[in-house]
Structure formats: C-alpha cells, structure tokens
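Once you scroll down, you'll see the structures, which are given as structure tokens.
Each of the two complexes below includes chain A, the first together with chain B, the second together with chain C.
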Partner chain A sequence: MHLTGYFLQRLLRGLVTFWFAVTVTFFLVRLLPGDPVSAVASPSMTEEIRQRQLEVYGLDRPLLAQYFAYLGQLVQGNLGISFLSSQPVSKILLERLPWTLLLTGTALIVTVLLGIPLGVLAATRARGWVDQIVQVSGVIGQSLFVPSIGIFLLYTLGLLAGWFPIGGAVKSDLTGFARIASIAHHLVLPCLTLVMAQLASYVLTLRATLIEALGEEYCDLARAKGTPENKVIWKHALRNALLPTTTLIGLQIGFLVGGAVLTETIYAYPGVGRAIFEAVGQLDFPVLQGAFVLLAATVVLANLATDLAYGLLDPRVRAG
Partner chain B sequence: MIREIRNALTRRAVLMGGVVMAMGVAGLTQVQAQEPTRLVIGTTADVVNFNPLVGNSRSDTWVTNLMYPRLMQMTAQGSKDPYVATEWGYSEDGLSAWLEIRDDLTWSDGTAFTADDIVFTITAVTTEKIGVTAGLIPAFVSATAASPTRVEFVLSRPDSTFLTNIGFWMPIVPKHAFPEVGQVATFANNTDFVSAGPFILTSVEPGQRYLLEAVDNYPLVEAGRANIDEVEFRVFPDVNAQALALRAGDLDVIANSLPAPIARTLQGQPNITVAQAPSLGWSHMLYNLQREPLSKVEVRRALAHAVDYEAIRAIAMQGLAESTNSSVISPVLSYWADPEAQEYAFDPELSKQLLTDAGYTDADGDGFFDNLSLSLLYEQSAADIANWAQIVKDSSAQAGIRIELVGLERNTYLARAREQKDFDIYAGNWAVMEEPAAYLGLAFRTGAFINYASVSDPQLEAYIDEAQSATTPEAARVPVQAAAKLIQDQVYDNVLYYQTFQFAYNSERWENFVMQPSDLLSLVNPLSLASVTPKN
Partner chain C sequence: MSASNMTPADAPAAGGLLAPADLTPGRRTWRAFSRNPLGMISAAIILLMVAVAIAAPLLAKFPSGYGRDILMPPSGAHPFGTDDLGRDVLAQVIWGTRISMIIAFASSLLAILIGVALGVLAAYARKLDGIVSTLVDVSLALPVLPLMILVAALIGPSVTTLVMVIALFSWPEVTRIVRSQALSVTRLPYVDAARTIGGSHFWIMTRHILPAVAPIIVVSVVLTASRAVLSEAGLSFLGLGDPESWSWGKILFNAQRSGALTVAWWCTLFPSLAILLLVVSATLVSIAYNDARNPKTRET
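Then we have the complex of A and B:
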C-alpha cells in the first residue's frame, strides 16, 4: 500500500476512535456520584432562576439532545463552560496545556535520548557489569514512587543544596531571557523526576529487543559480509529493535498529557493533569469532559504519529 | 590565524560579558531601589471562582476577602464586631432591622461604597439563592437604602441572627461593576476587578500564583493603607513541598492548616513560628434516625458511651482538639456555652447495660450483641477522621457493638450522606458554626439543609424558633442552651471535638499578623494582611 493511502486509513481509524472516546466520556462522567443539575441549580432557587441556570449550561434538554449539542459544539472547538468558575473550558485547559507539553515533552525527549544509548549499551554488553548496573537501576527506577522521588529531590537539591527552586514553573515579574532561564531552571527537577520514573521502561524494552535482533540471521549475514559490528548494531539491528520502543513512545505521549498529575502536584507545576485532578474532586463535569477530550485527541494523534513512524521504519506494516 | 580569531572572539566575549554584567548590575540596582514589599502566601488550591458570592473554596475566600469586604468581623469567641458596619439593630417587634456603615470607604475605581451596594448584594443573593448566605436568612423580605450609609431591612418574622449572618457571611460586591440581579450567580468576575478591601487582584497565573497590590484607600486600618505593597498567593498542592518552600524562604506564610507531623517539623525551625487558632466548627458523628435501631434513643446513648473521646483527641488528633463537653455549643463560644454541659462518659459497661435494658442479647456468646451491626461512613481522604473512625470501631467493640468502617472517595461519600441519606453512622465535620441560633436551625430543623440525621423534634424546633425570634442575645441564650441540652440528651449529634488549627509563618521576616478564628480567616484575613509588617 502507498504511504498516503496507509496514512489516510490510519487517520480515519483515528477519527472513529476519537468519536468513540468522546461518546464514552460524555456518558461516563454522568455516571459519577453527584448530579450535574444539582451542581448548577439549587432546589431552593425560584423556578425562573433555576430554569435559566439549566439553560446556561444546556442541562434543560434530554440527555441525547445534550449529547448531540455537545458534538456540535466540539466540532466548533467549544468545550463548554465550567460549572464552578463560569469560564470557558477551552480557556482553562489551554492555559495549562503549554506547561504540560513543555514538561512532558522535555521529559520524553530526554528519556529517549538517554534510553536508546543505554539500551544499546546494555544489549551489546549483555550480562557484563554495565548490563548488570543498567538492569538493577532499571528495576529500581520502575519501583520508585513519583512523590517520593519528588520530595527527595526537592529536599536535597532544592532546600539543602539550594540549586533549584522549590515548586512552580517560573518566577514572577520576569520577561525575555530571564523568564526563559527561570522556566528552564524550574523545569529541571520535575523533568528529572519524570525521566527517572520512565527511563527504565525504555532501556529494558530496547535491551531485550536488541539482544533478540542481534541474534537474528540477517545480523549474522551482515557480520559474515564483513560489516563492522557498530554498523550491524546501529543500522541493521536497532532499526528493527526500535519498533516496540516506538510503540512505547506513542503510548507514553498519551499518558504524559494526563499522567503527570503526581509530578505536577508535588512540584506545584501548573499543568493539565492537576486541572483534571481538581475537576474530579469538584465534580466540574465540563472541565472533566473537556480534559478527557483533550487526552483522547492527544492519544489518537500520538498513535497516528506512531503508525506513521512504523510505516516508515518497517514497510511490511504498510503491506498489512 | 586561528589564534587571532580565538583571541578576537575571547575579547568580544569578555566585552559582551562585561556589558551584560553592567546591565545586570544596573538593572538589579534599579530593581532594589523600587523593590515593593511582598508577602508570599502558600495555598494548596487554585482560586476556582472570583465571584465572592459564588466561590466557596478556601482559596476563593482568601483572595476575594481582600477585595470584597464583609460588614462585620469575627472575634475569637465567634461574636461579631463592627467593621464596615458601625452600628446595627432591630425594631421592637423584630420585623425590621437596620445597619449603619462607614462613610469613608470607596471602591478602587473611585466610586463610593454605599448602602446601595449592600442592597444590591442581598437582593442578588436572595433572589438567585446564591451560596450559604441565602439559606441563613429565610426571614429576609426586602432591603432599601435609606441613605448612602444606612440600610433598612424588612423581615417576615423576627430573626435575631439576621444581621450578624449577613454581617459575616455576605461579602459586599460593587453594584456598578456587577451585572443586574438575575445574572450574578453566573458572573465569572475574572477581569477588571474593583476592590473595596486592602488589596486588588492585578495578575492571575492559573495553577501558579495570584498577585494583589495594595489599594491607596483602606481606612479600616490605622495607616489608611496596608503596610505592605503586594500579596502573592502561590499554589502548592502538596503540603510537604509547601513546608519545604517555607523553610527555604520561598514562602512567608502557609494559609492552610497544617497536619500535625508537618507542624511539628516546622516548630523546630528557628525562623518559623507555628500559630494556633480554634476552628469554630466541630467533628462529630450523626446517627441516621430514619433507620432502625438508631431511631431508638437507648441505642444512640449506648453508642455515645462507647466512644473513647480522650483517645480520639490525644491519639487521632495528637492533642490538637478541644472537648465541647458533647455539646453543639463549644466552650469557645463563651457567651452561649452551657457551663454545666458534661461530655458523655466513655463507659462500655454502661453501654452494655443500656443495650441489655433495650432488649439486646448476645445469644451466640461472640462478645457482640446480636442483630446490632452498624456501618460508619467517612471520607477516606480525611486523615483525621479515618484515624478516629478506627478508634470508634475499637472502643465500640468493647461495648459489644459491631461497627463496620466504610471509607469512601469524597464525592461518593457526599452523595451517600447528603443526597441519599444512605448511612447508619455519618462521620464528618462542620467548618464554621459560630452563631448558635442560626446553625441550630440549619442542622436540626425538620428537612433543613444540613440535617443529615433526619432529626424531627417539635420541642427542639420550638426552642430554635424562640432563639431565632429573640431580638436580643440575652433573650436568645436561654432557648439556645435548652436546645443544646435536648440535642445532647437525645444524642441527635455526637460532637467529639473542636479542632485546633495550626498555621506557620516566617517570623524572622514578618510581624503583626492578626490571628482570627477558623481556617477561613486565620492569619490571612484582610485585617491581618493589612496590618502585617516586614521586620527590619
């Protein structure tokens, strides 16, 4: 199949997945304890005021009508109005999204940049002391609880050493380069925490697949033809071994947008994860719904990118 | 050649570095000369709603309190002192009320703060049924501005709590900057702020900080203006990180009450002071009177005598709690409290006797009365309550009463307790209960807003009616105490303690905070933040 056809097929599948996620989310948040009507309209209100409140939030219509109205709004980029703050949900989420993308995007890039060489190193020195260290560190890294890493780093590098600020994303009253420097300074510890929590998955996955790939016949053939070992590793084996890692990256991107709740909480980082967490606690249905839609869109886009990368890395995938 | 280029680059780098340094030094000098005094306050949550009539989280209240004044201020005993309102009173028949306000207060845009603003606010609150205030003033009929400084109210029945309720619970909003009545509840109020408090919000960074600057005219403090230039609320969702920020000097005050272990850690720091304030709210257990066997007073009394109150305060609360003598009026509210009230004794044998007299037996000899198994509903994220719920279970077991603990996520807990009344025993707390005649009505009238236990007692309602219709505190005190005695006798509410809140601030840098009771006011009330000064 041609790459364009393959991409269009995946795009269509992504759109269907997105619609399905939006639909499930719409009905799922209404199964939460608490009633959206009681969140915006008190029984003690006069009928006129109560009716007006329900109209403002579109709760005066039957559920199915609300659902179709919501889909209609969504197409126009309107995520509704927050029950609690009376502000547009898109404004609330878009104020937070850049911080989350900065944090999780940086963490992902650093993780991949460290993870691939470490994975290669461990695989090419399998059962050697480097491999042992990488494996033990990997297991420890996977066992660490994000809040514990966060508080430890804040205490040692923030309070005791005084090298990094304790919480926040940027100092106030700064502009230009000073602001950028402050953002970078505030980013170090939360980013390090996410890298520490994620690195092991990449290293261990790549190590296992690369060891397997290096034992394949096509690698033996390359060696027999006199191809240097480095070229065998980086050009032949790694290309195949990267497929599961690419899947992992795709999954992690979706997870990173909403999954950095704990890191954002510990470091007082103003991201979307915290907004979702707060919306659940406050039963702010429109914000919750909007956040899930955002997550669904991110996951679908990430999977689309992953599929595309697969298609490029391995032509057999395009052939079906 | 290469060396020349390198030397040239080095010279240029040194030169540029010098210029940057000089600019930096010049900039710093300039900044230092104009550096405003800023108090940085830590809070655990963002401001959700800037409309003070709607926003009800602590962060909402702390920030909006600094812009929208209340008419009265609360004393440590829960009574109300003059603030914006200077005098108030009721007519002899109790069917009208009035209050006078200061004539020197203005909104930050220069508009005078007048009686019209108060009339607008109370009309919006009662018409649109906004917030807790609407439920507290059912007797309100209408309000008129008799003059720029005098408001007169018409009441449907005498209500001795009306003025103090609006005095403390109703922040006043600017009529000229808010939409018309009918659209106030949905007004976000998130731009173009107008303030009649000591500060005005000038910058909002969601998830991070809220910056307020001092306004020039705030006549409610001696200097006519706050002593500091700026207040910054910084959001730290995690209290551990918040405590580290206070220790590192990134925060000056922690506004939220601190868990005991963190307060103890901070107490050991030389530059930090941990201050205490009473909560003015209580922690309690409610027994569902709609369910058998809890509808029987003997069973409720047996349950009340099966609770180890001292252990709860000493162990679960780590000493940061005061007994209310099992009364719904704490000794902290000294004017109202009944000095003869006594706490239910922890006496498992008495509990057993009461249950035996009520016909319960332990036929299978397992140490528990047969057919007497109750569930205790609590919010699992409320650490204090989760701790004492276990103590209640253990001490009840000593009296042969089997209790199953049901810890739930907050929203499920609220839905089951408040909406569905689906519980045997409810464990929870009330935040601020400072006006007995008012809160008794909210908590114990048939079908009242927070009457989760479904209490319905004509005698109790008669006492509440009498207290609320009294036009003087003296006339209200007798029925209030009688109501509290009846509630205790019938175990309509088993009050365990008043919590002592702990707050921390950097005492090396700051002084002259004015502590007020409850965690809504504490160190960050408007008077305190207008009075606080940096130490030299």
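Then we have the complex of A and C:
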C-alpha cells in the first residue's frame, strides 16, 4: 500500500523531470543563435521557397503553438526530421538505441559485480595496505577522463596486444552464435572503458557505508551470538550497505550516459552517442535534440527502476 | 585536544607550549594542511600548472601551421613528439594548459556565484526552497553531457560558449551542497538573534549565513573547477572546442580525427596525463583541506 504511494510519487517526479528536459531543450533550440530557421532556410533562397521550407518544418507558426505541436508529436513518438538525411529522427535513433543500452547495461552490471567484492575487501581491511591501495586508486579512478581510458585500452589491448577489435559493434554477415560472439568480442573494450570510469565511485561508497554498518549494534549482536565474521559481513552488514549503493546507481546513470557518448565516439560504436558525435560535426540539431530527449527518457526510466528496487529492498519504505 | 578544553583564563598561563590555542581557525587549518605531504604536493602541482598557463608564451611558440617532422616520437627536439601536421605536442599541452585553466576557473567561478546565491537563498527563504530544490533535483537527474553538447553546438564553439555552457549545468551541484549546509545554520539561535535585532534579510544572508558555509564553498570551487576541466575536455574531444585555441581535449580530438591515435601514443598520452594530474591534485587538495579543517581528523 505504502509502496504504491511511494512509487506513484517517484513516477510523478520522473514525469516532471522528463517534461523539464523536453521543455528546456525546445526553447533552447528555438531561442539560441543557431536557430533552426537559419538551418533549413538560407537568405539566398527566394521568398517563396523559404516560406515553403519553413512550412514543411512548421517553423512559420508562433512559438507556443510550435511547442504544443512538438509535445503532441513527441507523445506519438515523433522527434522531427533530420536536417541532413531527411529521415525521421526517431527512426535513426531507435535503430541505435539498443547498442547504447547493451553497452551501458553491461557496463553497469559488470561495475556492480566488481564493485561489491572490492568494496567488501577494502572495508574489512580498513586502514590496512589493501585498503590504502583501494583508496588511492579510488581517487585516481574518479579523476579519469573517459576518452583517456578509452584511447589507452584501444592502444594497449586493441592495437598492441591485438586481443580485441577496436571499432564497430559486430562483424557484418555473421549469423547465429558467431554473431553473438562477435558482438561480445566488440563489446569488451568500450564496456571496460565505462567500467573503469565509474568503478571507483561504487567501491568508495560501498567501503564507507560498509565500515559504518560493521560498527552498528546489530553487527555486534550477531558477533556476540557467535555468527562467523564472514556471515556478519555478507549477510548482515552488506545488505544494509547496499542501499546507498542502489541510490548511487540512480545518481551515476547520467554520468554513465555521458561516458557512453565519449566511448562510442572513440570505438565508432553505432549507438546513440556516436550519432550525437556525427550530428555535432554536421550541425544536425533535430538529431542532437532528439538524442538528448531519448537519453533523458532512458535515464528517467532507469531511475524509476532503481527507485522501485530501493522500495522493495528497504522495509522502511515499504512500511512508510 | 587539551588546548580546547581550557578556559580562556588558563590559556595565557600555559605560554608557548600550547601555541595552537592562540591561533585563529584559519591559521590552525593552514598549520594542519601544511603538515599533510600529499596535500602540499598537490597544491604545488596546481600552482605549477597555473604558472605554466600564465607563462605559456614564454615557454613555447603557439603551435600553428605545418612542420616537416610529422608524427615523430618524443626526442630531444620535441620532448612530447609531434602530431600528424608536424606540430610540437609539448607546445600544444602548454598552450592547452592555458585554455583549460581559463575555462575551468571562469566557469567554476560563475557556477559558484549562481550556486551559492541560490543555495543560501533556498535555505533562508523557505518559500523559494521548493522551487530551487526541485530545479536542482531535476537538473541533477538529467544526462548533462548530451545537453551541454546540444547547447554548445547551437551557440557555436568558442571559449565564451564553453564557459557559459559548463557554468549553466554545473551550479545545481553547488546549490545542493551549499543549501544542505546552510539549512543547518539557519536553524541556529544566532540567526534568530540577528533577525530579532532587526537585521535585514540581505545582511543576515551575507554576513551571518555566508561565512558559515564558506569552507564548503572553498571545497566546491576546487571540485567544480576540476569537473569543469573534464567537461571542457569532453566537449572539445567531440569537436566543440574553440577552433582558434588549444586545449587538452582538442589535442585528443585532433588525434582521434586524424587517426593519429592509432599510430602515435604520444599525441594522446601527454594531454591525458595533464588532465589526470590536474584533476587528481584538485581532489587531493580538497580532501586535505577537509581533513585539516575538521578537528576530528586534525592531528594537532
């Protein structure tokens, strides 16, 4: 019952966030200097052609009318027409979205799977040398520039060692299992780049919350009852320490998506991020705007999922 | 510990033995900070990079045009090697330090001004709190880089654009931190006292709440600036850097665009190291400053 209320509240918040993203970008695109009118119609056109161009893109109507028309189109999944390829933006981007979801999703799962044992290791050896190493690499890890990691991995593991392909997402004309293997093979380096970019935040957060949890009275009680220390860590303390980590996933997803744009650019990975890079070079504003709206929607949905997980995991939310 | 337990009357009698008791909080923080080797080294690195940024014209010629030695590995003549057009990478990194520093400094200053003003206002004027907090939450939930890309592409790449765009999307983080710190202060009795004696809202906010959040602002300046370095590098790497000037991100962009990154590791390694060095130093300085300011972690 309380969980429903909690989730409805989060849903509302997600909708407000998405509406904000859509509205801000709409007005930014219309009001900033590089406005779409000058992109689809140049002064050298005759007045007649110019007028027709503006009508085709709906740019001859008042701003507010355009805004509501845009919202209406958006609800129907229409993100406008690419200036460059004259194809619907939604078609261009939806073809690419699965690659970005595959990349970011895999990176997130690998990060959490690596982050938990590393965080436990650092917290249970607090102030020891393992902890020192984890902390120092944590500070360095949080300061890494995503393209630097990407280029480093591309050069060492991709070019020098030759273990992994350095561009694209799959070898063409493969089917069945070979295709899946090729996809996984191409995924390694971009995924590893994103894992390295965000692992430190997870390890440091888990370390701090776990150290705190291990000092709580319920852990003392478990130890007093004769529970083995391993069980105290993994069954008692970790369960509680994982809650802030769940929140961190929500906070980091925006960063993850930004990292994906940079990573896909380096590896020519055919996701939404690479589409953004290509659109920047050609000033294809509808694609840039659509890509942001699509990524914002993805982030909002992912945040809703982590909120739901948090609600299910934390009995305090369930009970209200 | 013992110094803080003493009454003021006892303190002078103790003489020079317990000198820290006579020090102002600021000097006490500095004493603790100066004893932290990691913090001092990091501060020295940042100062050195500022010096390089200022003295760039004296240290290297502005890299332009074409050179004859294309894609040369590091050597005596070119310590960082040359790029695909034969330009000296060391000179690019030196001039890049300048632009990266200017953008980081200017955009973090702007973001701090907006962020602190809104943070203090939200904590003090409870009616505005709802709007500001929602705005901050919503902005922090969105993927910032794609939004920065859109705006930077619309305005057209230049140093000013980068500063504005990075500041525009960096202040919510500052507001969030300042607001939560200022909230705990506005509930303290001395703020009520200031109001009771008839102080204006502006006077209370600037003279009583602002000083209480000042240490948080110091940390924010450093962290916001280091994040701005990363944002600038990210935007420049995607081709949104100022076409007229060099920055670390732009060196990487050139290497990516020309394909030099697959043959010449020196084109990408040195700007990457510069970014890493600056951001790590900034992080360590802010950690050391926090430790020095906190009596619990301060060793003296």
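Note that the second predicted complex is superposed on the first by the 301 of 320 C-alpha atoms of A that agree within 3 Å, B and C clash if a C-alpha of one lies under 4 Å from a C-alpha of the other, contacts with A are read in each partner's own complex, and residues count from 1 in each chain.
To be clear about the criterion, a residue touches a chain if its C-beta (ideal position, glycine included) is under 8 Å from a C-beta of that chain, and two chains touch if they have at least 3 such contacts.
Here the structure is a predicted model, which is why all the values come from computation and not from measurement.
K.L.:
Mind checking chain B and chain C on superposed chain A, clash or fit?
P.N.:
They clash: once the shared chain is superposed, the two partners overlap in space.
K.L.:
What is the contact status of A:87 with respect to chain B (first) and chain C (second): first, second, both, or neither?
P.N.:
first
K.L.:
Quick one: is A:155 in contact with chain B, with chain C, with both, or with neither? Answer first, second, both or neither.
P.N.:
Once the two structures are laid over each other on A, A:155 reaches both partners.
K.L.:
Give one of first, second, both or neither to describe whether A:5 is in contact with chain B, with chain C, with both, or with none.
P.N.:
neither
K.L.:
After the superposition on A, what does A:128 contact: first (chain B), second (chain C), both or neither?
P.N.:
In the superposed model, A:128 contacts neither chain B nor chain C.
K.L.:
Of the two partner chains, chain B (first) and chain C (second), which one does A:99 touch, if any: first, second, both, or neither?
P.N.:
first
K.L.:
Between chain B (first) and chain C (second), which, if any, makes contact with A:303: first, second, both or neither?
P.N.:
Only chain C; A:303 stays clear of chain B.
K.L.:
Tell me which partner A:228 touches in the superposition: chain B (first), chain C (second), both or neither.
P.N.:
neither
K.L.:
Who does A:283 touch here: chain B (first), chain C (second), both, or neither?
P.N.:
Touch status of A:283: both partners.
K.L.:
With the two structures laid over each other on chain A, which partner does A:265 touch: chain B (first), chain C (second), both, or neither?
P.N.:
The answer is both, since A:265 touches chain B and chain C.
K.L.:
In the superposed model, only one of 184-192, 256-264 or 526-534 in chain B has C-alpha atoms clashing with chain C. Which one?
P.N.:
Stretch clashing with the third chain: 256-264.
K.L.:
Do chain B and chain C land on any of the same chain A residues, and which?
P.N.:
Residues 32-35, 147, 151, 154-155, 159, 166, 265-266, 280-281, 283, which sit in both footprints.
K.L.:
For chain A, which residues count as touching chain C in their complex?
P.N.:
Interface residues on chain A, with respect to chain C: 13, 16-17, 20-21, 24-25, 28-29, 32-35, 139-140, 142-148, 151-152, 154-155, 159, 166, 250-251, 253-254, 257-258, 261-262, 265-266, 276-277, 279-281, 283, 285, 288-289, 291-292, 295-296, 299-300, 303.
K.L.:
Would you pull the chain A residues touching chain B in the complex into a rising list?
P.N.:
Against chain B, chain A makes touches at 32-35, 38, 42, 44-46, 49, 52-53, 56, 84-87, 92, 95-96, 99, 147, 150-151, 154-155, 158-159, 162, 165-170, 172, 264-271, 274-275, 278, 280-283.
K.L.:
Residues of chain C touching chain A in their complex?
P.N.:
Going through chain C, the ones touching chain A are 134, 137-147, 149-151, 153-156, 226, 230, 233-234, 237-240, 249, 252, 255-256, 261-262, 265, 268, 272, 275-276, 279-280, 283-284, 287.
K.L.:
Mind listing the chain B positions that touch chain A in their complex?
P.N.:
Touching chain A: residues 45-46, 48-51, 54, 127-129, 134-135, 182, 185-188, 190, 203, 205-209, 211, 232, 234-238, 240-242, 244-245, 247-248, 250, 409-412, 414-416, 419 of chain B.
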